Amino acid sequence: MADLSVNLAGIKSPNPFWLASAPPTNSGYQVQRAFEAGWGGAVWKTLGDPVINVSSRFSASTFNGQKVAGFNNIELITDRPLEVNLEEIYETKKKFPNHAIVASLMVEPKQEKWHEIVKKVEAIGVDGLELNFGCPHGMAERGMGSASGQVPELVEKQTYWVKEVAETPVIVKLTPNITDVTATAYAAVQGGADSISLINTINSLMGVDIHSWNTIPHVSGKGTHGGYCGPAVKPIALNMVAECARHPEINIPISGIGGISNWQDAVEFMLMGSTNVQVCTAAMHHGFRIVEDMIDGLNNYLDEKGLARAMDLIGQTVSKYQNWGDLDLNYKVAARINPEKCINCNKCYISCEDTSHQCIDRLIDANGKSYLKVREDDCVGCNLCSIVCPVDGAIDMIEYPSEVAMTWNERQSLLGKMTIGEETVS
Amino acid sequence: MADLSVNLAGIKSPNPFWLASAPPTNSGYQVQRAFEAGWGGAVWKTLGDPVINVSSRFSASTFNGQKVAGFNNIELITDRPLEVNLEEIYETKKKFPNHAIVASLMVEPKQEKWHEIVKKVEAIGVDGLELNFGCPHGMAERGMGSASGQVPELVEKQTYWVKEVAETPVIVKLTPNITDVTATAYAAVQGGADSISLINTINSLMGVDIHSWNTIPHVSGKGTHGGYCGPAVKPIALNMVAECARHPEINIPISGIGGISNWQDAVEFMLMGSTNVQVCTAAMHHGFRIVEDMIDGLNNYLDEKGLARAMDLIGQTVSKYQNWGDLDLNYKVAARINPEKCINCNKCYISCEDTSHQCIDRLIDANGKSYLKVREDDCVGCNLCSIVCPVDGAIDMIEYPSEVAMTWNERQSLLGKMTIGEETVS
Amino acid sequence: MHEHQLFMKEKESIDDLVDQGYKIIGIKEDLSGAHVHFDYIDHDNRSVKTKVLHVLSADARKYFTTLLFAKEKRFN
Amino acid sequence: AVDLKRNFFEVKQDMKPKEAIDEANRCLYCYDAPCMNACPTGIDVPSFIKKMASGNLKGSARDILDANPVGATCSRVCPTSELCEGACVLNDVSMPIRIGDLQRHATNWAMDHDVDLFESGVPTNTKVAIVGGGPAGLSAARELRRLGHEVTIFEAKEKAGGLDTYGIVSFRLPQSVSLWEVEQVEKLGVDIRTNCTVGKDISPETLKNDFDAVLITVGMGQVPKLGIEGEDLTGVYDAIQFVENTKTKPLTEQFIGKRAIVIGAGNTAIDAATCLIRSGASHVKIIYRRTEEEMTAYPFEFEFAKQDGVEFRWLTQPTKIMGDENGHVKQLMCVQMELGQPDESGRRRPVPVQDSSFLMDVDIVVRAIGQSRHIDLIEAFGLNHDSGILQLNDKTYQTSNDQIFAAGDVVYGSTEYGDAMVVSAAEQGKRAAYAIDKKLSC
Amino acid sequence: AVDLKRNFFEVKQDMKPKEAIDEANRCLYCYDAPCMNACPTGIDVPSFIKKMASGNLKGSARDILDANPVGATCSRVCPTSELCEGACVLNDVSMPIRIGDLQRHATNWAMDHDVDLFESGVPTNTKVAIVGGGPAGLSAARELRRLGHEVTIFEAKEKAGGLDTYGIVSFRLPQSVSLWEVEQVEKLGVDIRTNCTVGKDISPETLKNDFDAVLITVGMGQVPKLGIEGEDLTGVYDAIQFVENTKTKPLTEQFIGKRAIVIGAGNTAIDAATCLIRSGASHVKIIYRRTEEEMTAYPFEFEFAKQDGVEFRWLTQPTKIMGDENGHVKQLMCVQMELGQPDESGRRRPVPVQDSSFLMDVDIVVRAIGQSRHIDLIEAFGLNHDSGILQLNDKTYQTSNDQIFAAGDVVYGSTEYGDAMVVSAAEQGKRAAYAIDKKLSC
């Protein structure tokens, strides 16, 4: 039984699983149910200037019959009165003193607005604040959410305003709808943030109904861009977390968000530098009880790995994440097909033949049985065949460690020294 | 039998299905196989300055056992000699004069470089050019790909250089790794582009191997950010296409790319303003033959809709895509559960109870059978229950059209006129 | 189609020159690949022969730089 | 009163929509798929399944029916575990895809939606006569029409469809399915002359004279006699005739509570036995002179019969049927057999055990020991044959008269190709059509 | 020689990894899931399946075994189509999830990986005696240990596990599975005293004196006599004893080629009949005095027996067993029955048809008409009972002596709760344990 508790910039929770600021944290009733179910913390649905939400709001993609591969919403921040929310936060904190409750905030980019809300919220007792600079729709038109989150100066300034009055740790939640997330992350650091959380949702349009030609979802026949989240965004989120984690000047803890559906995802985010994780879509799809497997699975994983604390995972893979130019060009892998496990679906063959390097041969053995064989010399080790192969273990990617490791950057600097002709040494 | 042919800025193809510039279009052998299989066009794997690729390169996500929900690569442009590529383009065009062959190009942002490659490529005969400003990795470190694609001025300038010498239509391929894609799209228009194509791949990290703690994929134990594509990115791509399509000043045809896996996806992109579509991941997963269902399905769909031409679909939904502030706040939908179809899995109940508005009641009917009922007054019409419901038709979202439609923008301007107190009218 | 064959051919040419005592003295890369300049230096340190190989395949372009790189590393 | 009718309703339900989609999404979409190669008609299984998954049901149905004009029937009657499903690669790592059920789902869609999937070809001014409107004939007719030939089918029975319409039990294959397939062929402009027996209502000579080519697809005949005493007693039936009655006449209650014995252990025997059970017989036994190992019924048929409550008696040979005073079957005399040396078919020959005769009380005896051949007709056409098995060039599908072609059960035994199955008949029909087209085009 | 052994290997293969994952991903993860509610032990089915899907097999196995200490056995022997799988919501729109198979896959993982899933509780200094180490006793013992009580099981047989170890046929439940479950209970510190019959080797009084509470989980006894002539002839067997022999002794060849009749149509009859087939008997009949409708075997058992080739004779009552000169069974005399008025159980009472006696030739007769009760022991404990059925408070699991509790088959008939199934015994064992804990804690 490993120690699952984590400490994010001073905010402690019994486990790393928090609910992200979203419909699941809309009310005290819900957050309390969530804590009962086992969630370690919750970021309350964003509080701020009063808004009105539209109907309908959500849509989701189905992948090969499996529901909610991705999720999309055109919802704004909370539309409930601030006082009601504060009262419920108070009640909830009283009942669950050891669980983390963080208030998510979004107001117009004015110093006094930020001061006002921070003071009100801290007055009723929260464990921390999360500044929502990330909502991709609706709020942006009012200069809030991602409209400020996409401008590093605004992120820095508003963070600074908050820090002027805040007594609890301040997490800055970043929007992924940006050319370079480390720019805003760094701005948050400069503004004095104690932590960053990412990602918020990604600009998206879930689909078009090919029968009615309406957008999905639609409000009275009209649609607008929404925010994308759920399993589909995980690789985008993980990359942004990694970019921040490896950035030498972004040295505050990270709360990882985006497509986390189970304990394995959580482990990945933690290895990539997250101190904890926040979850929205998975809870909306299945209810709060999914946290049970998250906790149990993480615990069993740590036990199996012989790790005593969940926090031992944090950042272990960060140093392995580098620039493309620092990868070893001489390292080679090549596919090898294991005829004992292969079921002869020929998917590897056709994917390599049509769309990679035409190096899988279909052969007949002495007994007239057909089998597949990779011409390893021609194989570039792209991985495609093993990706499409339906059978675990039927294709191994065999490593050929390089005798002399040489990266692109090393090669370029060498070439630079050797270049002749019109081209000058760079 | 509808007319499936399309004309993208003067580039004609027998159907709207093109292979995107990527491994499937790496060689003449492949492109010819693709045309035989039915593809209407192909954008050749990007040509440019010589590079070297790493091994391994690709990875993919599996969603609930279904392979390749998303796909990720750390590959660069072609590493084959330019002359060989040009020869194969020539051969292929000769064999398939009615299919579209477009050359994708990427060189350093220097006028003479662009002039040189454009002339070389057009000399052997192509139907058009696609400028790759989008590769998210590797090339960027050399000032190419997304490094220029993220800077509107560079996009405009380079497009202009190309147009100085180009005789065939020029498509500018946009990177999605940007705060506002319409800025670069507009820059392309300004530079004289005949068309834009989008999206290229999204910055991503597919995952971390929780056993070895290596990145996925890895090159000798190290990883780097890759480009994300495949079904998972479709909503992001569709949104970017929509944003460009509805932009009044981006009035050149669009080639839609990103997660298109079947004819339904293609129809959605076309309705949202794409003249044709480009496909990479779906072909890599299943081989070229998937185009057969794309063609057949599109044809059957058009027949069923009574449409004579595929081009009749283009842009039909664009005008329905608007700003959030222009949606009708008074429009309402509410969920209704159909007890005949409901199988009592209670997924809707728990999702609404835990993570939406607690308005589904579990009741017992006169015969002691349990059933579910939505309190429609409390229901905000979020759609969540119908999204998680596994049974088609078990939950209907009933429309309550508004008597008086009122948008947020209308409301705000009204409020503006009526506001009293310290706040001044904005 | 089989890039590997092209590589093997190019590698052989490079190896041949190296075996004969040629050394790479300069490289010029352009759209068509790499032009690798080899010099044969005799005992008197007078360059007697120069040869230029046009190296096309990615693996061969990688190969000759690796040779150089390995040597450089040995010296450092 | 007893409602026998429902006993004859199709046993298997159509897949539910979710079930079909989930199953379709399980298919790997193999390349050069083994399932496709194992289908005698070469249906592109991964392609039709992919289309179901993409919501293109019309394309899916078309893929199936393009390769197999009787694909709706085949989805119900193919021994799939021996064919497509048996070859599915998922057998090794999971469960095979339910190809037959998916095929049924797609073709049901086509039956429910009145869509035209095929068109007749550009007229060629050539006329082809087809003798026999079973699956082989229909399949050939459709392909010939698509190639532009004028086609007339001469069919002895009141309706076309052959054994699909008359021979395969309703609870596996409702007549409506077969008749829908007939209709599709008719819609392409094939002239089907029913109630017209060639050799009786119209002469072979007329066909040879009036048509550019003749295709013989008359299938096989009735069940041959056993050659033992008592075969003419009332209560003795021909299995095929017996099944046909259940498909064409109002169901009779005369079998209720009766004890029946079916002789033979092939597919026909299984069909007859299960029909008897469903007709209300209280005890139904299948007796067979060899053992379970040698029987020609498929394992899934054997299981089905056992579930229906049919009993099996191996190594039992009937020697005499005994009647009561009214000439009705009363007892069956049998002898116990044992397996001796292998015979020409490679199976061990059953030989009687000495002094092992025994009697069984029985009310109904059904002969199900194979089918006879249409020797008369073959000879009326003047074609070479080997005790009823047509002499055939298995490349060109030509008989000894090169204007006359043949396919389906009628050539069973004369080619290496295929079992006597609907799906093989369909494929042979297609191939014969292409052969005829080739011949008429040069 | 014949290799009977393989006939007794577990029939069903473990799910292949891909098969299991695909099936797990098909589960909807219902809330307040009907499958869970239909499981007598209340296994959180969606939870254990979700854990399989997430790769947390240990958690999955723990979920199962937490709710059901004999979950590995249950995954093999539960009538799932009547319980969890029968309740799965996917029955309506697709195919039900194969819960039993998934459960087997997860518990197989636990058997293959030597992990400790449970711990004994903080010692309470209370001692509980359990009489009978079947599923009810084991289940109670494990829960009591987790609650900190000291537990001793007294088991008459050489090994614990009860009918799981001795009574349920090997080809459904290999002994190793049951014994693994016994081992898990032992590992928690339960003292299992085998070869110790309470009432013989140790007295009820000793238990009452030495322990704070006694739990009686002795199950039921042997099969009662039929009460007809000839029951003592050689060749007449008790079904349970007969099955036990196949699980404990080297398989005998003495049944090869024999004709056998099993009397009764409950689960035991099915097991005996299929064991006979697998022991080489040439003809096995089950005879039952009522009809298919009234039999207590489950539909899937009925199907299984039919597949194995067992014949069923309804409305047949044995009246006399006749022997040959050596005192060996030779014939069975039976009388035909018909259904009359409903009896107290609500089922129509079978009454003999006049003059309908008939003889059947037979070599083996097996009695499978239920199980007798341990009246002697119950009386030795001085407990109230109603012809062997213990008088029980079905809330507190207390007998007429409130220090003495009971659960499992021994109380079958005395509560509303549950059939005589392993899974009910396990649940009752758990509940009795909590009741004992509650009693001892106050």
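Letters A, B, C, D and E mark the chains as written, and numbering starts fresh at 1 in each.
Definition applied: a contact is a pair of C-beta atoms (placed from the backbone, for glycine too) under 8 Å apart; a residue touches a chain by one contact, two chains touch by 3 or more.
Each chain and its UniProt protein: A, B = dihydrouracil dehydrogenase (NAD(+)).
Predicted, not measured: the structure shown is a model, and the values here were computed from it.
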Fewest touching-chain hops separating subunit B from subunit C: 1
Chains in simultaneous contact with subunit A and subunit B: C, D, E
Reference subunit E; chain at largest CA-centroid distance: C
Where subunit C and subunit E are represented by their mean Cα positions, the distance between them in whole Å: 79
Centre-to-centre distance between subunit D and subunit C (centres being mean Cα positions), rounded to whole Å: 72
Euclidean distance of C-alpha centroids - subunit A vs subunit C, Å: 45
Mean-CA-position distance for subunit E and subunit A (Å): 50
Junction residues of subunit E - those touching two or more other chains: 17-18, 22, 25, 29, 31, 93
Residues within subunit A bordering two or more other chains: 64-66, 264, 286-287, 289, 329, 347, 350, 358, 390-391, 411
Two or more partner chains touched - positions in subunit C: 1, 3, 29, 62
Topology of the chain contact graph, where touching chains are joined (line, ring, star, complete, other): other
Pairs of chains, among all present, that meet the touch criterion: A-B, A-C, A-D, A-E, B-C, B-D, B-E, D-E
Interfacial residue positions of subunit A with respect to subunit C in the complex: 329-330, 357-359, 375, 377-378, 403-404, 406, 410-411, 414-415, 418-421, 423
Parts of subunit E lying in touch with subunit A, wherever the complex brings them together: 17-18, 25, 29, 31, 47, 50-51, 54-56, 58-59, 62
Subunit C-facing residues of subunit B, complex: 27, 29, 47-53, 79-84, 107, 116-117, 120
Subunit B-facing residues of subunit C, complex: 1, 3, 29-34, 56-58, 61-62
Complex contacts: residues of subunit D adjacent to subunit A: 21-22, 25, 28-34, 53, 89-90, 92-93
